[in-house]
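Two complexes, one shared chain (chain A), two partners (chain B, chain C).
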Partner chain A sequence: MGVAFDSISFKASLCDGCGDCMTACSQAKGGASRISIVPGAKAGSFETALCRQCGDPKCVQVCPSGALDKDGGNGIIGWDASKCVDCLLCTAGCAYGGIAVDESVARVGKCDQCDGDPACVKVCPTGALEFRKAGSIFNEYGAKEDLFVPGLSGCQGCNSELIMRHAMRKIGRNSVLATPPGCIPGMGSVGYNGKTGTKVPVFHPLLTNTASMLSGIRRYYDRIGRKDIVVMALAGDGGTADCGFHAVSGAAERGEKVLYVCVDNEGYMNTGMQRSGTTPYGSWTSTTPVGEHMQGKTQDAKNLPLIMTAHKCRYVATASTGYMEDLYEKLDRAIAASFEGFSYLHIYSPCPTGWRIPSSKVIDACRLSVDSNFNPLWEYTNTSGLRFTHSPDNAHPVSAYVKMIGKYRHLSPDQLAHIQAKVDEQVALLKLMAAESPPPPAAHRAPAGSSTPAGAEPSQPARREIARN
Partner chain B sequence: MPEAKYLLVGSSHAALEALRAIRLVDPDGSMAMLTRDDRLPYSPTILPYVVSGRSAPDKVLLRDPAFFAANNCAYVPNARAVSLDAKARAVTLENGEVWRYQSLLIASGAAPAIPPVKGLDGVTYHVLRSLADAEGLRGAMGAAKTAVVLGAGLVGLHAAENMAEAGLKVTVVEMQGHVLPGYFDAKASTRIEDAFTTHGVELKLGRKVVEVAPGKVMVDDGTTIAADLLLVATGVRPVTDWLEGSGVLVDRGVVVDEAMRTNIDGVWAAGDVAQATDFASGNKALIGIIPTAVEQGKIAGQGMAGDSYRKDYAGGLPVNTYRFFGRVALSIGRAAATDGVEAVETASGAYRRLVLEGNRLVGYASVDEPFDVGIMGELIRRRVDLSECKDAFLARPVETGRRLMSEQWR
Partner chain C sequence: MNKVSTGKVIVCDGNEAAAWGACLSRPDMVAVYPITPQSSLVEYLAQFIADGRMDADLMDVEGEHTVLSVLHGAVLAGARTYSATSAQGLAFMFEPYFRTPGLRLPMVVSLVTRDAVSPTCVWGGQQDAMTVKEVGWIHMYCETQQEILDTIPIAYKVAEHPDVMLPVNVNHDGNYLSYGVARVELPDQSVVDAFLGEKQVNWHACLDPERPMAVDPLTGGAGGIGPSLFVKYRKGICAGMQDALRIIEEAHEDWGRRTGRYWSPLIEEYRMEDAEVALVTIGSMTGAAKDAVDDARASGKKIGLVKIKTFRPFPAARIAQALSRVKAVGVVDRSVNFGWNCGPVYQEVLAAMYAQPVRIPMMSFIGGLAGADITVEHFAEVVHRTFRLAGGEAATGPVWLNEND
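So, the complex of A and B:
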């Protein structure tokens, strides 16, 4: 496997030119700032010059003294002051102004990413600078065992494959997996010619009973004393929000110790792209067509993760492959919670085939769905309530998101306005729930999770909780 | 008879880049790097700093033996190529050894050009092209009180500065009317000249040395200058003597096409030895600087390894970054051009000269004011139309250039 590196990214649209980053950098480095913010083409817009720590660094290649070198471990192009002869040829190599003369010391200055904690990023008030840890995530999880066989028959660019491979990498071999009818078993995880496509036990329940079967499996493992097994579902939105909802709701109500992952691609994508309960208003699907009498789906989507919070689950969170770091953190918490009660993770998953988006744009769509608040990222526990994990401030308008997706191509201004209003309403509700307020007094009842045999053991310490309703 | 799939003659920037480019595509093919030097690779550019003592000779080496081991490349020092048999695909060395190859890179660099000055062959003089030269010059400086430098190019001026700092009485004799001809216009050069004069270096510009004798130099203005030490820095000439009779087309350097191929099948050339396209004129020209050597070496290596991502050489752009007495002078492209171009000069404390042609940047020079040479080079190479932002660019070239490249990045 190759090695990837973390990097500082600059989002020009968010930069307000305050220059705090430059001040912080020159303080941290004791000289000129290594990042330079300059006026953009339009009034009030800004651009930057910043070392991109190139993979093929020209500054290193043209250095005659060997003073510059790319570190194979962290990818940073380091500068050795003792070897540098100040010939400035490196500045001729860089086409982005990433290494430039620091007039205060008459030598070149260059970004070293502050040992993975860049001073410029820390002070940026608008989020225009971001330290992207995609590289270290890639390294960390790329080194873990892939629990699916190569060569699954997903569509090109399938986001669900990314989810299942990476979620299973995180969860590991000690797991039992249920994949109800949908794309995930459809692409081969439940079997080829009598063999499974996974390296962990996997079964294929009906569309309706996934959560019920998992409840039984968990109770069995509890009975035989195997408390290290993650019992989990990788289910679609149809099997969760519609046909399977009674089972999910029941298991959550009983506090079954299950990790339930819903891969939400907003419809029944593997059987012909029919609408589901989570298909958003205005979407084209094969059962909500666009024509003379209909302009896509006429109802709003049900907000399933919000519904799950009303079940007072141990853990509920939304996630997106556009923000993998966030997804991994939530997987950690979801796994831990699944040993104590019902743990529900809702992952938004654009479908290139059914949504009519190019395969290469799936991750872009993921990011924009979050950045436009169409799919805000948050998490909930029954003790701490709800909190956003990706700020819903500075959101793009929803129009930027729907524009890149074919199933919204027909939208009229009225429909778009409705979608935007719906998004605003959902965010307002979430903000209300996330607002700082004292938690309600603990309800005097048996805590969620007590219905399973092992859960009833009084010796277990992690029992105490506050019901939040 | 030693054999290598890839034979690289030369060990500096061009050859090292070719090595890298080849190994990206072909990790296993046998490779050998031959050099007439007895050291590990180093850059000629570093030599003035070895003379000054700022860089120790063993600290300027660009690669170590482990690098060659890791890249499966035989590094062969003390291997001076003396002839090439292109039919037999073989290179003969001075010691009689014959290396066979499948593809050959000529990166034998350049050697000092010695002017035909009367008496020069009868005296001890220095040049500055190898580490041995640098060590020799450094040694000689200790015993000398007076020095004469022939040529006011980069090497000559660097050395003159170092010797002046070391306390020698230094005179520089240059045929052209100002220092660093070609890189800078007269106004920029004047600033540099002033600095040298202020630091006690005598500049004899527009003058020729007519004769040298042990301890003295006669100039065509009738003066005789005492010289314990004589440095000849009147330019360099590609090392192509070993290619005589091989059929490889040599003009002033080895003539190459846009893929760095010579006229002979299986033979490439790159770096100071290569006469490749000049960006401004499109003609074949010698541009002996590191950035062109790196670019050419990469393209040649890609061609040798059959890399399908190879791009044609867009042409060399002269780049000059020069530090003198703690000050800075920079130039790129046709910075000294005057005909058919629009030149904008400013001189409030620092000197700046922007050269445009049809609202496109073609050259930029400054003294005492740093700018992003790489960014300006990219604006020149991409022929970016500056009509939209010309006023801003002329007023604040660094900021506007950074802005333009930041936009390009997205």
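So, the complex of A and C:
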């Protein structure tokens, strides 16, 4: 297995040029800032000059004294002050302006990511800077056993398969899995003619009864003292939001100790891309086609995770493979909660086949769906209320998201306006719920710039407005 | 072993008798949803559990679909389970009901039989149970409150037998048996415990991280081993059903030895030794039918009765043997077989008699629909018509016994 590294990411679209990151860095490092915000090509836009901890670092290559070296463990290019001859060749060698010169001492300043807690990221008020821990997730879980066999017959680029493999790596062998009819058993998790693709006990419940049947398993396991087993579903949106809803609702009401993961690809994709209750307005599906009299689905999607909060579940969260760190953190909390009550995780899962997107664009679609607030990421518990885990502020217009997806190709301006209005409405409602929630514990605090409930760092809207103008 | 235990005597209705039967069988989990005329059965169970008399996990859920679904989960994890339903509840339960025998899940569910809507009707009848007779569940019909209580532990013994591994419905007539009160003897818990023995985990299909397996993978499809595998499963259920005939007899015999109550396991023959005509009955109507037979016998008519206790698997050979010597048969149903314009039990008895060398005239009688009484007078009419049939008159069924009540 290869090694992956954490990194500081920069989203130019969110940067307002305030420079707080530079101040924080120079304070933390006691000298020149290792990060620079510079004017972008367009007026009012900004770029950053920051060490990218390159895989094939030119700074290391040009260093005549061996003072710079890439650490194979954490991927950080370290600078050894005792070896450095202050030639500054590295600053010339770096094409990204990633090594600063500290004029006061005439030495270089090199980003070391502050031991995984970068000062610049912490102060960024807009969320333009983010410390992405995908590398450590890969290192930690990539080595764990994949609990599905290779060769599951998912479509090329299938996001649901990614969810299954990641989720089960995290959850491990001490689990009982139910995969109701849909894409997940369809690709072979439960198997065909006596052969299975899953290495944990797996059951193919009815489309309608997943949560009920899991309740029975959990109750009996609790009764005989086997309380450490994760009893879970990997279910589609149809079996969850539509005909399986009575079972989900009943189990949640009873507080059954079950981890219910809904993999939402917005339709009955396994059976030919028919509409479901979570199919968004305007979507082309095989039962909401585009023609002279109909232009895709005429109803809005049911917001199932929001409905689940009204069930006072132990834990409810939305997640996306576009933000794996967030997904992994939520899996941790969802698993823990499933030993105390009903735990519901709703993972958005673009379907390259049914949505008409190239498989190479699936993760981009995941990201944009979050970044446009089409699928905002949040979590809820019955004690801490609702909080966003990814900023709903500074969102891209939803048009950027729907444009990349073929099932929206026919949208009229009116339909697009309707979708934007519904997204705004939904975010407004979520924000209202977040605002009325108690402050989350520090460990769960959202990154700076998120629209968080009371207790988060106060933002500085006035200054940002100026910078944006 | 042969010491017969006489238990405590109580006075209760059929629903309470069923609840006691379940209680004594020590299920780990009971899932219930109330529906008329089963509702009081649910209440008895809940009270038993509330009182600590019954050590079972009570699942009060949102509907019968979930009732059977949670029990599926529990049985797959190794539990012994119990539930009860009626009519619309059974209909709502049908989707998981359909797959229970296919998964070879040994469970016991009481059907408190009822006529099914429409027209809307909440009273007794056997239309619900008769409608699901082809699904693969074993069906046993009880005549009395005591038989209900005794049949439930017997049903567990049958369901969990390795040669059977099929779910069992213990049926009792809604309204008549569900609400009718009678003297019932409660066997000692120790008697039932000894009778049932240790519960065995159903390793055919089990969800346990210690023994990972995929339960219910997709099976079939054209080509390859799929269709033959599917046939193997189907034949397995058929074989389990046929083996159940023997196991049901053994279990009843064993129960009789321990309690002194020997119920006829498959069919009961009443005054059949020299009978010239026979009635065929099922369920609680049998009491009135026996009285009518006694009355006819008192007036010198050679008549007998065959009560069907086990309806699935159908004891065809035993029926044929019992009826082969009579000149005419009147079959009384409490439900309707719409496609054949007769009662379903009649249809079954006809099929069982087909292999006989002599064609015996038979007639279908349908009574007791929508909670109506089937009285001794009704049965006197059945006796009268059946003797006319034996005398050479053509069959003109079905006769709707309650048509003018």
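In this text, the second predicted complex is superposed on the first by the 431 of 469 C-alpha atoms of A that agree within 3 Å, B and C clash if a C-alpha of one lies under 4 Å from a C-alpha of the other, contacts with A are read in each partner's own complex, and residues count from 1 in each chain.
We take it that a contact is a pair of C-beta atoms (placed from the backbone, for glycine too) under 8 Å apart; a residue touches a chain by one contact, two chains touch by 3 or more.
Just so it is clear, the model here is predicted, and its values are computed rather than measured.
Engineer: Quick one: classify A:Ala106 as touching chain B (first), chain C (second), both or neither.
Structural biologist: In the superposed model, A:Ala106 contacts chain B only, not chain C.
Engineer: Determine, under the contact definition given at the top, whether A:His204 touches first (chain B), second (chain C), both, or neither.
Structural biologist: second
Engineer: Check whether A:Leu214 is in contact with chain B, with chain C, with both or with neither, and answer first, second, both or neither.
Structural biologist: Only chain C; A:Leu214 stays clear of chain B.
Engineer: Which partner chains sit in contact with A:Ser249 here, chain B, chain C, both or neither? Use first/second/both/neither.
Structural biologist: Second partner only, chain C.
Engineer: Would you sort A:Ser136 into first (chain B), second (chain C), both or neither based on which partner it touches?
Structural biologist: Touch status of A:Ser136: no partner.
Engineer: Based on the superposed arrangement, let me know which partner A:Glu47 touches: chain B (first), chain C (second), both, or neither?
Structural biologist: Once the two structures are laid over each other on A, A:Glu47 reaches chain B alone.
Engineer: Scan A:Ser9 for contacts with chain B and chain C and give back first, second, both or neither.
Structural biologist: After superposition on chain A, A:Ser9 lies in contact with neither partner.
Engineer: On chain A, which stretch or stretches are contacted by chain B in one complex as well as by chain C in the other?
Structural biologist: none
Engineer: In their complex, what parts of chain A are in touch with chain C?
Structural biologist: Interface residues on chain A, with respect to chain C: 173-176, 185, 190-196, 198-206, 208-209, 212-221, 223-224, 229, 246-247, 249-250, 253-254.
Engineer: Taking the touch rule as given, give the residues of chain B at its contact with chain A in the complex, in rising order.
Structural biologist: Counting only chain B, the residues touching chain A are 13, 17, 43-46, 49, 54-55, 59-62, 290-291, 294, 319, 321, 323, 326, 328, 330, 332, 370, 372-375, 377-378, 388-389, 398-403, 405-407, 409-410.
Engineer: Which bits of chain A are touching chain B when the two form their complex?
Structural biologist: 10, 12, 36, 38-41, 47-49, 52, 58, 61-62, 64-66, 82-83, 85-89, 91-97, 100-101, 103, 106
Engineer: State the interface residues of chain C toward chain A in the complex, per the touch definition above.
Structural biologist: It is residues 28-29, 31, 57, 59-63, 65-66, 69-79, 95-96, 99, 206-209, 211-221, 224-226, 229 of chain C that touch chain A.
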